C-alpha cells in the first residue's frame, strides 16, 4: 500500500540523523516565515518586506535589546533576518517551482514525441545551457532592471534546462518500460499514457532535484543582491543585508553581527534544503544510495 | 480447431542504426526478416530461438507495438498493419501480451486494481463498481486473492506479478495472447505454476497463444506447434510431436542436443556448434546458419538462401540439405 | 567516436548562433533609450542637453531588429563587441586582457578541488559508513551549503582583518612593480607562472599569498561537490561485479581501489568536472569582487552593476564560448578514459 | 614605505585621456598631472590665478584683457618641453583649442569654451548659425552631409568658412602671444582656462597630427568632428608638458602609473612615481591604508569613523567643495510616467502637474530634517546652503534664509494644497535614487518618513535604480521629483545658477514644461544679464536677487553642500586643498617619515 | 572417493547479513566437502544462498555480511580464521572463481589481457612479458580464436560467450586447485552454454582441479556434477551423489523440483507445481523452512528444524517425513521415459 511505502520511507528518513536535522531546520524556518508578522511586526503592513529605518545614521550599531541582532545600513538586522526567511522561501519555491514546470513541459514533449520536436527542443535547451547560470542570471537581471522579481525571472528563464533534461532522460527510459508497452497494447491513448504512466514515474527525481536546487537558488539570488543586482537596499533579504557589511568588513566589532546573523540564517537555510534533498535522493534514487 | 485466427505473411521488421555525423541510417538490424506462419484458433504456437533472433520483435510487430517494415499481419481477414485509431484500439482488445520481466511490466506507482482495470475502462467494458468486481473475479481466476487489489506491484513476488500481468491481459477478453518469455524469469517451482495456469486459462477461455521462449523444454511442454527461429528467420516449423521426434534442420537438432537434461544417466550425443550467433546487422549470406552449421555445403549454403519448404505434411524446413 | 566529435563540432556553430540570438535578444529588451548609456555615461556627460538623441542616431539604435542583429552579429564576428565603459577598452580586448587573471585563479582552485576532492571522495567511499565517512559527508554538505561570498567574507574577516595573513588584491606593490618592469617578461600574463619562468620566486610567493584565500573560497564549495560525486560514484563502482572479480584474483585492496575502482569511478567525475570548471570560472564573478582581484569575473560584475551593457553581453558571450568549448573538451577526454566510448 | 612613490586608492577610473573628451574628475586628475594649462589657481584659492604656460594672467590692469572683456591675450612661456622633447609653441596652444572645438564630442566638455567664445553650446550650433546666415535655411547638421559621410558639394564651402571665418579668427597667434576673441564679454572665461580644466590642456600639435588627430586644415575638419571616444588617438596616450608622464594605464587593475618628467619647465617633481589606483571595495582600500600600502585613500563620509584615529593616518574633515546636492520638483511630469501612481489626485497617485502648486513644494521643503541629515548621515560632512549655489562663490550670501525643518508648516501647506484635496484624498508617488548612493537613498527615505508621518494617506515609495536608468528617467521628465548633485566645472556662479534655474539649464528641463515657462518669465533674463556683467559687485546683486526669487518660490530644496574629507598617511607632505583641483597634485608632494 | 582427503570442507557455515531491515540469514548452516578433481553441484532456487556460500568461501562478502559461525577448511587451514594477507594468496591462486554475468564481471576500462595478466604477475611472480605469453596461452586453451589479438581488446568488444571464456581463462591462469563457478552459463544461450560446459569438463580433466558448480538448472547439474547439494532458504536439504539424487530424491523439495521442470526427454501431461513462493530471507519460517510449501508437513515440521542426516551411505537429507514421500511417489504419476 502507498501508506506502507510512505511509512517505510518516512522510517528510513527518520533513521538518518542528518535528514532529521534538515527537516528540523526547515520546519523551524517555515515557522519563522509563517509567524514573521508576529515575531517582527511590520511598521507598514502594506509593505512588510521593506525593513523599517531604525536610525538615520549609517553607522552600524551592535546588538541591543531594542535591536537584538544590531543595526546595519540604518536597518534592523533582526527584522531583516526574520522577513528574509519569507523572501528566501519565496525565491526558492517560485523559481524552483516554475522552472520545474517549464522543464517538465519541455522535457515531456521532447522525450515522449522524440524526432524533430526532440531535436529542436534539445538544441534550445543546449543553447540556454551554454550560458553559465550565474552569468546568465546576472545579464538578464541587469537588462530587466534591478529588483528581486527581475532576479527571479532571470533565474527561471535560465533554470529550467536541468529539469527538462532529467525528465526527458527519464521518459526515454520509462518509455521503454514494459508497462508502457502493455498500456499501449491495451489501447490506452498516448495522452493518458503520459499522464498516468510516464509522468508519475519520472516526477520523483524532479522533486529531489527541486529540493536540492532550493538552496543554490537562494544562494544565487543572494549573491546577486550582494553584488548590488538583486533586491534593492532596504529590502528584507539576506543577501542585501550581507552586502551592507561589505564596507565594514575591516572592523570586527562593527561587522561581525552583520555578517554572522544573516550569514548563519542563510547557511542554515541552504543546509536544511540540502540535507532534506540529500535524504530524499537517497530514498528515491537508490542508485546513489550509500 | 482449424480456423485460422492469425496469419503472418512475409513479415519484416528492420531497425535502423544511425551513426556518423548526421545520424544517418548506416545499417539496419534485420530483426525479423521475412517470416510467415499462421495460427489456428485455440492452439499454442511456440516460438523458440536463441537470444536476439527476433522472437520478441515478431510478437511486438504482430500487436503493432512496432510498425512492420514490410509484410502483412492478418487477423481474421483484417490487415492489422493498416488499422488506425479506433479500429486499431478495438483490435488491440483482441490481442494481448504478457511480458517477460515481472518487474518492469507493472507500473510501480499504480495499484493492482487500477493496473488490471485500465483495459476494462479504456474499452468501456465496465465502470466503477462493476469494473472493480471484474477485477476481483480476474484476480481469483489467476490465483490471487481479491483482497490484494489495493496493493502495489512491489509487494508481490515475481510469480504473483506474472499472474497480475496475465489478469491484465485477460481483462479485455482477448482472443489471442502473446506470451513473451512469460516464465523465463521465474524460479522453476513458480514457472510450473504459471505454465499450469496458462494451460487452464486456455481451456476455459478458448485462448490462442503465441508462446515465445528460448527454453525449448518449456515450449515443448506448452505448445501445439513449434516454430524455431534463427537470426530473424523461421528455420523450421512443425507440429510439436513431429518436431521433437524428428527435427530436420541442423540448427534445431543442435539446439535440442544442447539442452541439458536433468537425468545424469541419460547419455546423449552432443552436437556442439561453433562460434557465436552472428549479429543481425549483417547476417551471413545464403543460409544464415551456414557459418555454424556442422553439415553446411560450401557450394550452396553460403550462396543461396533456402526457402521454407514443406518437406512433410505440416512440417516446414528451410534448409538446402534436408 | 570520431563521428560523434565531428557531430559535436558541426553543432557547435549552431549552438553558438543560438547563443548570439539569445544574447542579442536580451540586449534588445533594453530598448534604445537605455542602450544609449552604453555609449555615453557619467553625470558630466549629461550636462549637455540633446546628447541622447544624437547618440541614438549615430549608432542606429532605432533601426529595425533584423538590421540591428545583422550589424551586431557582423561586428561580433569581426571581434568587435563594442566599447566597454568599465574596461575603458574595446570589450574584446578588455575581456582578453582580464581573462588570464581569472584563468590563473580558476586553475589554482581546480588543483585542490580535483586532487583533494577526489582523494577525499575515495577515502569517504572506502570508509563507507565509518566515522570518517560521516565526517566528510557533513563537511561536504556544509561546504555545499556555504554561499561563496559569505565564506569569502569570513575569510577576509579572519585571515586579513584579524590575522593579517592573506591580503586581498593581486600582488603587493613592490612585486607589482617588478612585474610591470621591463626586465620581467610576461609570457602568459599569469603571474604565478611568469614569476617562475623569470626565476622571481619572491614574486611567486607574494602572488601565492594573495591567491590562498580566494582559492580556498572558490575551492571549498567544489571540494564538497567533487567529494560527493566521487564518493557516490565510487560506492557504485565498488558494488560492481568486476570489483569482486578483482578481489577474487587475490589483488590487494590498494590495487583494487586504486586501479580497478578509481578509473571507473572517475568517469562520471570527469563529466561534472567539465561543468565544474565552467562554474568555477563563473564563480570568479563573486570571488574576484569580494577579494578585489582583477579579472574577467570582477569585470563582468562591475559591468553589471554599472549597467555597462556592451561589456556584460560580451562577457556572457565569452563565457558561453568557454562553456561550449569546455564541454567539447570534456566529452573528448571522457572518451579517453572510457574505452567503451572511445572505440565506438 | 615606497619613499619616492605616492599611491592613491580611490574609486572609479579615468574615462579617457583625450582632454577634449574627458569630463570626469578621474580623467581630470590624470590630465591635471600630465598636461599644462595657460594659467592656474593660486594655491588654495579658487578666485585668484597664477601664470603657468602663459607668463602672465590677463587682467584689465595689465592690459591683457581688452575690448571691454572681449579680447584676452596670453603671452606664451618659452623653453617649455613636451614629454617627447618637443618645444611648446604658441601654435601648439592655438591648435589645442581649435582641435577641441572642432572635435566637440557629444557629451564632452567643450561646450564651455564654445559658450565663452561664441555664446553657443556646441560647435554644430555655431556652424549651423553660419549656414543659416548664408543660406537662410534652418537645417540640421547632419543634413549637410551625404550618405558617404562627405559633405554635400553645395555645403562644403560653408563648412570650410565656418573654420576659416569663425573659429580660426577667434583664436590667433600674435608673435609670442595667443589671443582669444570673444563675441561678447563672458565673465567666467579665465576659470574655464585654468589648470584643472582638462579641456584647456595644451597639446603638442606635431605629435597630434602624427597620431592622426585633426590635421590643422580647414577643408577636412569635419572628419575629426565628434568621433567616438575610443577612436581618439589620445584615448590612452598623452604627450603633455605636465610634471608627470603616463607610464601605464592598466585597465585590468584600474591603475594609472605616472612617472616624473625630468625636463619639466618648473623643475622636476620631488617624487618619482605616482599611482592612481581604483579600488571599488572600501574595505580593501581601508585595509591597504592601514597597512601603509597606499598613501591616500578615498573615504566616503559615512565611513569616516572607521579611519579616524588610525595610527599614522591624517584625517582632515570639513574641507570645502564646489558641489551641491539638492532635490528639485518636476512641474510637468512626462506622460506615461510609472512613478506618479494613477496620475490623478485620487489617493493613489498625483497629477502630472502636482508640483505647480507652491503649497506642495513648500510642504516638501519643510518636511526634511536637514540638520539631522547632515549630522547623522553625513557624519557632519555637509553644510547647509540657502540655494543651489555653493558657499564661497560669488553671489553667495549667508544671510539668505535657510529652509526650516518644520512639520507644522508642512502640514499647513499640504492642507491648503490643491484646495485641500491633497489632504483629504491623499497621494502616492515614487522617489528614486541611484543605488549605491546611500546619502541620496537616506535623503529620499527621510522625506518619505516625514511626509508620511503627516497623514497616513500620503504614500511615497522609495525606489533604487542604477545610475544610467536614473539619469534617463529624470532626463525624460518621468520623475515627479529628483535628487541630484552638481559639481562645478568652473567656480563661477553662472555654472550653478544657469544649470539649476535657467529654462535651458541642464536641470531646468527636467523640472517640466510648466517650470520652464515660469523660468522664462521670471529668471532667464536675469541670469543672462548676470553672466555678461563684468563688475563683480553688480553680479553679486543680480545673483542674490535670482536666489531670492528661487527661495521664495520653493524651487527645489538644497539638501547640502558636501564637505570633503582628506585621509592620507602622515608621511605624505605637501598636500593643500583646492576644491577645483580634480584629485591629487603630485607635483606638490614629497614623503617624509 | 572416500580414500581421498577432502580439498575443502565446509562445516556448519552460517553467513548473515546485518541490514537496516534486520538480519538476513542468507546461509544458515551448510556442510559439504569437495574432493580433488571432483565437481560438486550446488543447486537451489534464487535467493536460497548459493552465491553467498561461494562468496563466504573466498571471504568476499561486503561489509554487511559476516560469517557468524562454522569453519571452511581448505587444505587443512580454516579460511574463516585466516588473516587477510594469507587469504589473498589463496584467492585466485588456489581457489578461483567465475561469476554469473560475464558482461559485468570484467572491468570495462582494462583490456582482457591486462586483467588476466594481473593475477599471473601477482601469484606466479613472473615478468610482464612472460605473463602475457601465459595469458595468450590461456586464451587459446579456452578456445578463443586469435588470442594474440584478443588479448589487447576491451571486454565490450567481445561477445558474451567470449567474455565468459576470458573469465574462465583468467580464473584458471594460476592453475587453482578449486574453481568456484557461480552460475557460469545462466546468462548465455543454450548452444553457447553447451560449449562452455564442455570446455569446463575438458579443462577439469586437463588441470585436475575440483569444481564447485553453482546453478539453479538441474539439467546442468545432471550433466556436470559428481555430487550435488540442494539448498533451500539458506539450508542444505539434500546432499548426495548425482545419480542417486535424480533417481531417488529423498527430500520433498528435491522431488517436487524435479517434477516441476518441463522435460524434453519425457512426456508430461501437467507439471507438478510447488505451491507458494520461496520465503523471504528476512522472514524465514520456523522449523523446517520448507514446511509452508510442503504437502507432507506436520506439526513437527512447523516447530522443529530437521538436521541433515545420513539416511544411507553418502546420502544426506534434512526432513522429518522421508517415508511419506516414498509413499507418495507411487501416487503421483510423473510420466515415463520415452
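The first chain written gets the first letter, and so on, giving A, B, C, D and E; residue counts start at 1 in each chain.
The definition used in the following text is that a contact is a pair of C-beta atoms (placed from the backbone, for glycine too) under 8 Å apart; a residue touches a chain by one contact, two chains touch by 3 or more.
Keep in mind it's a predicted model, so treat the numbers as computed, not measured.
The chains touching chain A as well as chain D are C. More C-beta pairs in contact connect the chains of A-C than those of the other pair, out of A-C and C-E.
Mean C-alpha positions place chain B and chain D at a centre distance of 90 Å.
Rounded to whole angstrom units, the spacing between the C-alpha centres of chain C and chain E is 54. Distance from the chain A centre to the chain B centre is 50 Å, each centre being the mean of its Cα atoms. A separation of 31 Å divides the Cα centre of chain B from that of chain E.
Residues of chain C in contact with two or more other chains: 128, 156, 160-161, 289, 305, 307.
The set of chain D residues that touch two or more partner chains comprises 281, 283, 287, 436, 466, 469. Counting partner chains per residue, chain E shows two or more touched chains at no residue at all.
Chain contact summary for the complex, chain B toward chain E: residues 50-51, 157, 159-160, 187-193, 195-196, 199, 214-218, 220-222, 244, 254-266, 270, 272-273, 276-277.
Every residue of chain D that touches chain A in the complex is listed here, in rising order: 281-283, 286-287, 290, 302-303, 305-306, 369, 372-373, 376-377, 379, 435-436, 438, 441-442, 445-446, 449, 462-466, 469.
Only residues 55, 58, 60, 62-63, 88-93, 96-97, 99, 101, 104-110, 115, 118-119, 122-123, 154, 156-157, 167, 170-171 of chain E touch chain C when the two sit together in their complex. Within the complex formed with chain C, the residues of chain A that make contact are 18, 123-124, 126-136, 138-144, 215, 219, 222-223, 226-229, 242, 245-246, 249-252, 255-256, 259, 263, 266-267, 270-271, 274-275, 278, 287-288, 290. Chain B contributes residues 60, 63, 65, 88-90, 92-93, 95-97, 99-101, 104-111, 115, 118-119, 122-123, 150-152, 155, 165, 168, 172 to its touches with chain A in the complex.
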